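The letters A, B, C and D name the chains in turn, as written, and every chain counts its residues from 1.
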Amino acid sequence: MLRIGVLGCGRIGQVHARSLMRLDGVKLVAVADAFASSAEALAAKTGAEVRDTAAILASADIDAVILCTPTDTHYDLIHAAARAGKAIFCEKPVDMSADRIRDCIKVVEDHNVPFLTAFNRRFDPNFANVQARIRAGEIGEVEIVTILSRDPAPPPVSYIKSSGGIFRDMMIHDFDMARFLLGEEPVQVFAVGAALVDPTIGEAGDVDTAAVTLTTASGKICTISNSRRASYGYDQRIEVHGSKGMLRAENILENSVEVATDAGFRRAPAQNFFLERYESAYLSEMASFVKAVASGVSPAPSITDGLRAQLIADAATLSLAEGRPIRL
Amino acid sequence: MLRIGVLGCGRIGQVHARSLMRLDGVKLVAVADAFASSAEALAAKTGAEVRDTAAILASADIDAVILCTPTDTHYDLIHAAARAGKAIFCEKPVDMSADRIRDCIKVVEDHNVPFLTAFNRRFDPNFANVQARIRAGEIGEVEIVTILSRDPAPPPVSYIKSSGGIFRDMMIHDFDMARFLLGEEPVQVFAVGAALVDPTIGEAGDVDTAAVTLTTASGKICTISNSRRASYGYDQRIEVHGSKGMLRAENILENSVEVATDAGFRRAPAQNFFLERYESAYLSEMASFVKAVASGVSPAPSITDGLRAQLIADAATLSLAEGRPIRL
Amino acid sequence: MLRIGVLGCGRIGQVHARSLMRLDGVKLVAVADAFASSAEALAAKTGAEVRDTAAILASADIDAVILCTPTDTHYDLIHAAARAGKAIFCEKPVDMSADRIRDCIKVVEDHNVPFLTAFNRRFDPNFANVQARIRAGEIGEVEIVTILSRDPAPPPVSYIKSSGGIFRDMMIHDFDMARFLLGEEPVQVFAVGAALVDPTIGEAGDVDTAAVTLTTASGKICTISNSRRASYGYDQRIEVHGSKGMLRAENILENSVEVATDAGFRRAPAQNFFLERYESAYLSEMASFVKAVASGVSPAPSITDGLRAQLIADAATLSLAEGRPIRL
Amino acid sequence: MLRIGVLGCGRIGQVHARSLMRLDGVKLVAVADAFASSAEALAAKTGAEVRDTAAILASADIDAVILCTPTDTHYDLIHAAARAGKAIFCEKPVDMSADRIRDCIKVVEDHNVPFLTAFNRRFDPNFANVQARIRAGEIGEVEIVTILSRDPAPPPVSYIKSSGGIFRDMMIHDFDMARFLLGEEPVQVFAVGAALVDPTIGEAGDVDTAAVTLTTASGKICTISNSRRASYGYDQRIEVHGSKGMLRAENILENSVEVATDAGFRRAPAQNFFLERYESAYLSEMASFVKAVASGVSPAPSITDGLRAQLIADAATLSLAEGRPIRL
């Protein structure tokens, strides 16, 4: 039985607590949050105790922690948890600074604690299926990866300002997916972008519409495009062209109903809310963490995967600023 | 070079003339119509001569005739053409009376002339593909055939009155398709129906919405449903459930474009007009006739196929009238 | 807080217990099963107590019972629970005998207890969406309902023998769906069928492939076809043709991935297992029961809905035996 | 009646001759080819005369010429035809050199002759539908255009060597499509590419797998990816993301049939051969030329459109060579 403490009881902390309730071989022992009322509410729902963060890190009856606190707290918590010998499940991004992630890698390696960087999309059953079939050779050698990702609506500009920019906040998921599907590290990044959705995003120094081209040493290509707005739901598609064929994962629609009228054949919009769209991914992600820790294998994606995605995001940010391709 | 005369220059006569222009190994020599202006217009478009019907039947430079005249003229024309030794391509239905079709079969057999009953849907590339794959064993033994067929809009009641009723006028195509796909003769017919689209169709003694269940000696089942109205175009679908799998042919839409908005994902309506929907079927049908005659094999569907479909339509009409299943 | 006792801890009892764990405003208090080990296993998983059936029915801390015991026990349990004033959620069928269901209706009405007949498919989000849009007038008047339903594989013949036959065991779900979608009672039933999948099913006096045509007083038509086998998964489709358009719910596939090779474009099979296919329907069904009981409205589908579906199944059985349409 | 001469009777010349036979208001008067047998074969099929090129250009009974000769002959023929006052339909590319295209523009403008650059894909009914709906505002402002284009198989290396490279030979169609859909000129081009399909293409100095990012002054983005190989047919897809929604045109499959087995649901491959895939586009293109010339409006795409696409192809070629974005 793996005994868990959840640090941070906001929206994503609640998602992970709910996943823990549905899994066998694991027990949610305690929760903590800077706001006592948040911790208490989650405790009431789950039967967990409320403890403070330090207590959880010091608890002998806690084997692993789930970090769902703000990004700028990850660094200290990772250090403390590693030193306490806890397995760590850390929400993305590990940190906004690649150097600080390198520090975290060091402490995690020094204390040899299991660590999972929570790139949830790898656990989406559809995307995972695509990747598994690539690895099984079903479409031969990967040649072109195409990732189309659009959010239903932009976040408030106040959020944008502290987000690190679209490449670190939104496209970072796609960078991890690109690495997952390419099976080879990107060596060059080229980014373009503009504020087409909301001019105040441009005034805040960010873009809301962007495209990136990644290339690998052997010549594989990945193109990614993002928009902060899609009228038709949360648009999440991947497509991989290989030497023997093509694999693609289409959007998940709200239902399977089609209506036919003189306007044509109409199906429902795509699922709109990321927690609904990735509900099974979040469950699978947690199951994967629990299973890896319980069986003594390293969880994936690793903290190094977290670093690599961050380095691509940094390079894309620089590419957009300087208008040139950046070598990794 | 097969030399052809077209009898009847209305809409379907023009379709067949156009097909003849696109085929190799065949020459449209002459056209005839009760209305001189119709014949002249088609002659001008195709370079064929205008002759009268008797002249075409007597012409030494005509090998085959395409019968596109009203149904009640088929009987005499088939007799005359058979006696003149012409190959015959006859629009469906061969005749409204099964007994008179039997007479036609006799004269066609006595004079041993090639004869094709123009059930065009067998030549639709999609339906033909389904049938070929059934015959190749791709889904094992056929068990359930489902045919959904809806016209875009009902014809005028004046047409309905002389049509012979929905089973002889509209569903007869589906009866032929059922035989084509089942690969075994139906032995029982059960029909239901009502005038739901237009009460004046009911007043004229017909129905506009109907369903028929056919069964074969070995227990295979075919369900057919028809409506005289579909807001979304000319709806023509077949599905065959077999012991090893299922084959289905979906509608042909007006184009391949999909739009996504907050209302969902919308594709175009189905092609609306039967001449557009079955354009390639008409071409293929004529090519099949020309090739069969030129190479001395019997064209299909045969005149007996025409009889069999008519007998099922007659049985369905009786079943609806008497409210009981009819043995064939 | 609605307090619940589950009677019967087999597969479907476990499904409902799991649903109860995920719902707010409800508490699973106790479980019972003829096999103590089954009850204990479910109690361990859910934190409920093990009590015997009589104790649950007598418990003051139980407001409602979920009947998941064998069909032949329903009659007595419904009587006892009604007399004890418990709300009743009863797995389908209520009973194999229409007369006995009428007795149950009487006791439920006499004691005025809430009762839900568990036709789970009404709660499938896709089918529920179709029905809601019909009621909202999106496709005008309903004219033709088409239901295609195929199980992945036939049950053992031993099960078939005590199942009451395909119409009472399998197609009964489709009869309820037909009533749900037609919005009008069927007045006539015509059935055909054969044992095409497995001859031993025929030897047991049942069929494994069947089609039924229902008609209503106003002339609406419903065609249903069933097979006990589908290589491509659990095939569950409905389509409703109305005066203004058509609504259909397609199958739920195992995932959203498509592969393209020289063999074409291939998607996954349909979800194969009914508990997976209808997982969200089961949850929704229980939520609907809990909400209805808590708010004092009558749950639906009612016990009378259970009777009506059974009467159609009886009529279909008779129709197949006698080869004629049966009036309801 | 527009009177036409076709120069060049190879594969594409034959396509255009066939289109002319199917159109009203136009007459194919004469054909020419460097190989007498090619000209004679086409003349026999169409009823046109064989004349030599000079004779066609000098003929008083020829109003327009269709240039289907090798690219390096276009320059002289355009000059001669313009001076002879003939309307010109010119296969793409107009010329491999932008400067020489500018010379052609001058002579065409000086003699004020109608000129159509044959970018056939603009006339595909699906792509034309997408563009028309963009212009009608159906998806608001265009923000991201995605073009996925893959040939079924690479041409022989001998062809590659004289092709001008993938950007001028293959992606030039996509550059024209990008301009057609963006509604705004690209101002920057960035290209990546590699020889992944066939190393001998790399040895010949070209790539067979490539991606290009175009950006416009207002920040619109277009990403294009090409491969010289696709096992599943001729893959031709476009997608346009706008402020109000998304429009996409999917591949045209060989038929509408789907088979379901334990391997899942499988549809046919995409139409494989470009002449079949774009058959209706070629017909529409010629109809558009004939109509424009007959009614005195300028045909589109114009010769300037031909130049613009060539300039983008040149810039993409330079971008790949130098590894940097190129301003247009």
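We adopt the following convention: contacts are C-beta pairs under 8 Å (C-beta built on N, C-alpha and C of every residue); 3 or more make two chains touch, one makes a residue touch a chain.
This one's a predicted model, so the numbers in the text were calculated from it and none came from an experiment.
Compared with subunit C, the chain whose C-alpha mean position is the greatest distance off is D.
Between A-D and B-D, more C-beta contact pairs join the chains of A-D. Subunit C and subunit D have Cα centroids lying 57 Å from one another. We define each chain's centre as the mean of its Cα atoms; on that basis subunit B and subunit D are separated by 39 Å.
Residues of subunit C found to touch two or more other chains are 230-232, 244-246, 260-262. Only residues 230-232, 253, 260-270 of subunit A touch subunit B when the two sit together in their complex. Residue ranges of subunit C in contact with subunit A, taken from their complex: 125-126, 129-130, 133, 138-139, 244-252, 255-262.
The part of subunit A that touches subunit D in the complex is made up of residues 141, 143-144, 146, 148, 150, 188, 190, 192-197, 209-211, 213, 215, 218-221, 223, 225, 227, 229-232, 235, 239, 241, 243-246, 323-325.
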